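Encoded as structure tokens, the structure appears first; notes follow it.
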Amino acid sequence: MEEMKAILEALVFASEIPLSVDRIGELFPGTEKNEIKKFLEELIQEYEERKGGIDLQAVAGGYQFRTRADFSQWVKKLRMGKPAGLTPAALETLAVVAYRQPVVKADIDRFRGVDVSGSLKGLLEKKLVRVVGRKDVPGKPILYGTTKKFLEVFNLKDLAELPTLRELKELQE
Amino acid sequence: MEEMKAILEALVFASEIPLSVDRIGELFPGTEKNEIKKFLEELIQEYEERKGGIDLQAVAGGYQFRTRADFSQWVKKLRMGKPAGLTPAALETLAVVAYRQPVVKADIDRFRGVDVSGSLKGLLEKKLVRVVGRKDVPGKPILYGTTKKFLEVFNLKDLAELPTLRELKELQE
Amino acid sequence: MGYEIKLDIFEGPLDLLLYLIKKNEIDIYDIPIALITRQYLEYIEVLRSLNLDLAGEFLVLASTLIHIKSRMLLPIEADEEMEDEEDPRAELVKQLLEYQAFKEAALQLDSRPVLERDVFKRACPLEMSALPEDLEVFEEMDVFDLVKAFQQMIAKLDRTERMEIDVEKMSLADRINEIMDKLTERKHLTFTELLEERIDRRWILYTFLAVLELMKLKMIKAYQGDSFGVIRIFLAVE
């Protein structure tokens, strides 16, 4: 492949947004925009004729690689099993439960300085946190702890494997 | 292009992490993994011969599209020089972890002859190193190892692809 | 700050030593210790005069070198003993060779096509309709993030709220979870049953401490028939 065309392909592929001809032009001050455009149209043509899994498309004022629409069901299937992460709020709540367990919700609230109802519910649904028991005091508050799944997800043999705060602090000094 | 090959190309392109044959296998329960692998190897070959801007590569236990290394200067220009790369100190610490894993901090300190707290923390934050457990000796020190991201970042198929340490081999002989 | 500058010159005392050995074209297996010690100390002086904050490790190696030097100066009393006695430099040589190997390995790593430096992956997010997230699937998460989240939180709390959480406390949490699981399943248990006939002292200790903690938290109740009778443990709240 012609080098200029290959470079354009690399740029479009690595760009965080659909790449416009103007932006490319800034990188190649000596090159005519029409020429850049010609190369990109050639690439579009080539990908179309090849009938592979990806296409180069002109979208939103720029160029972008996309998977062929015919295969969207497969891509969706792949993405469905996409591992879900935790929000920072959920992670903080989880950290309090992990390190202070068994712990009542009021204590987690106090620790985080906000009402943790939402993130706690999410963690219970994700089966990272569970009800360990109830306290025999007025109101019989629920005590929360972490689950086996929590250990699995964080790749821990047991809770004693969790790094202690002191150990982390030592790293920072 | 054969449809199955085109679907595989779309999936690899769409995946945010290097896509493993096992994961693809889950989507195609009736298909032999060897067949999937064969198609992917064919794709690798095709991209190589095409000499375009992108290559398909086998990294970190999976497959991923990447820009050709020859064009790194252009992509860097496009991305406006986000500084990348590790300091020599971080690289040395990373090398010790990679070759000696699972390894405790005291051993990394000893191998490098300095306190590695700072660089170790940086590597943990960059997700190149992770906590893998505790060593079953008094004090139960934390054991560190490398991550999948380490393989991804350094373009390694797996840890076995790391070159053997020259001097250590000599020592053992 | 000074520490950072120093790191730009040598990655550590072993790095400096290795540099001196290479500069003098010395056989690493037969280091002329007097010469190297002198040069090493000179370099340290130079670094110091440049007002660079020398890390303690540089001084530790200096004293190791001096110690080796003095041992090599000691008269050898008998030839046979010489045979048995290890070369005082052996340990240092081993350390240097290991360090050198890792240093090389680090350079090799750096020479690979590094992601986001030499090669780049697709950066544009895929345009797709909203996808359901599968709640049952998780990527493996990093414990480091969890600890950091907790640490950042307690940093904001009063000093009285801060507490050290150590391995012992977490071992106790493990035991508490196990005991509560069993009790939920079996309604009541004896202390002996909790011990599962294991005689590991730590296990017995943690079981005992966990029972005490659970009683303190009013999560369980323990009853004893008579003063030497069986201790039965129940959930405090069904």
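Letters A, B and C name the chains as they come in the text, with residue numbers starting at 1 for each one.
Here is the rule we go by: a contact is a pair of C-beta atoms (placed from the backbone, for glycine too) under 8 Å apart; a residue touches a chain by one contact, two chains touch by 3 or more.
None of these values were measured; they are calculated from a predicted model.
Highest inter-chain contact count (C-beta pairs) belongs to A-C.
Central chain by Cα centroid: B, whose mean Cα position is closest to the mean of all protein Cα atoms. With centres set at the average Cα position, the gap from subunit B to subunit C is 23 Å. For the pair subunit A and subunit C, the distance between C-alpha centroids works out to 28 Å. If you average the Cα atoms of subunit A and of subunit B, the two centres end up 18 Å apart.
The multi-chain contact residues of subunit A, meaning those touching 2 or more other chains, are 10, 13-16, 65, 67, 75, 79, 81-82, 155-156, 160-161, 163. Counting only residues that touch two or more partner chains, subunit C has 120-122, 126, 142-144, 167.
Those residues of subunit C that touch subunit B in the complex are listed here as 7, 11-15, 55, 57, 61, 94-95, 97-110, 112-122, 126, 142-144, 167.
Within the complex, the subunit B residues that touch subunit A are 1, 5-16, 19, 23, 26-27, 50-54, 65, 67-68, 71, 74-75, 77-79, 105, 117, 120-121, 124, 130-134, 140, 142. Listed in rising order, the residues of subunit B touching subunit C in the complex are 13-14, 64-69, 72, 75-76, 79, 82, 84-89, 91-92, 94-96, 98-99, 110-115, 124-125, 127, 130-131, 134, 140, 147, 152-156, 162-163, 165-168, 170-171. Residue ranges on subunit C touching subunit A, taken from their complex, read 120-124, 126-128, 131-135, 137-154, 156-157, 161, 164-167, 170-171, 173-174, 176-177, 180, 183-184, 217-221, 235-237.
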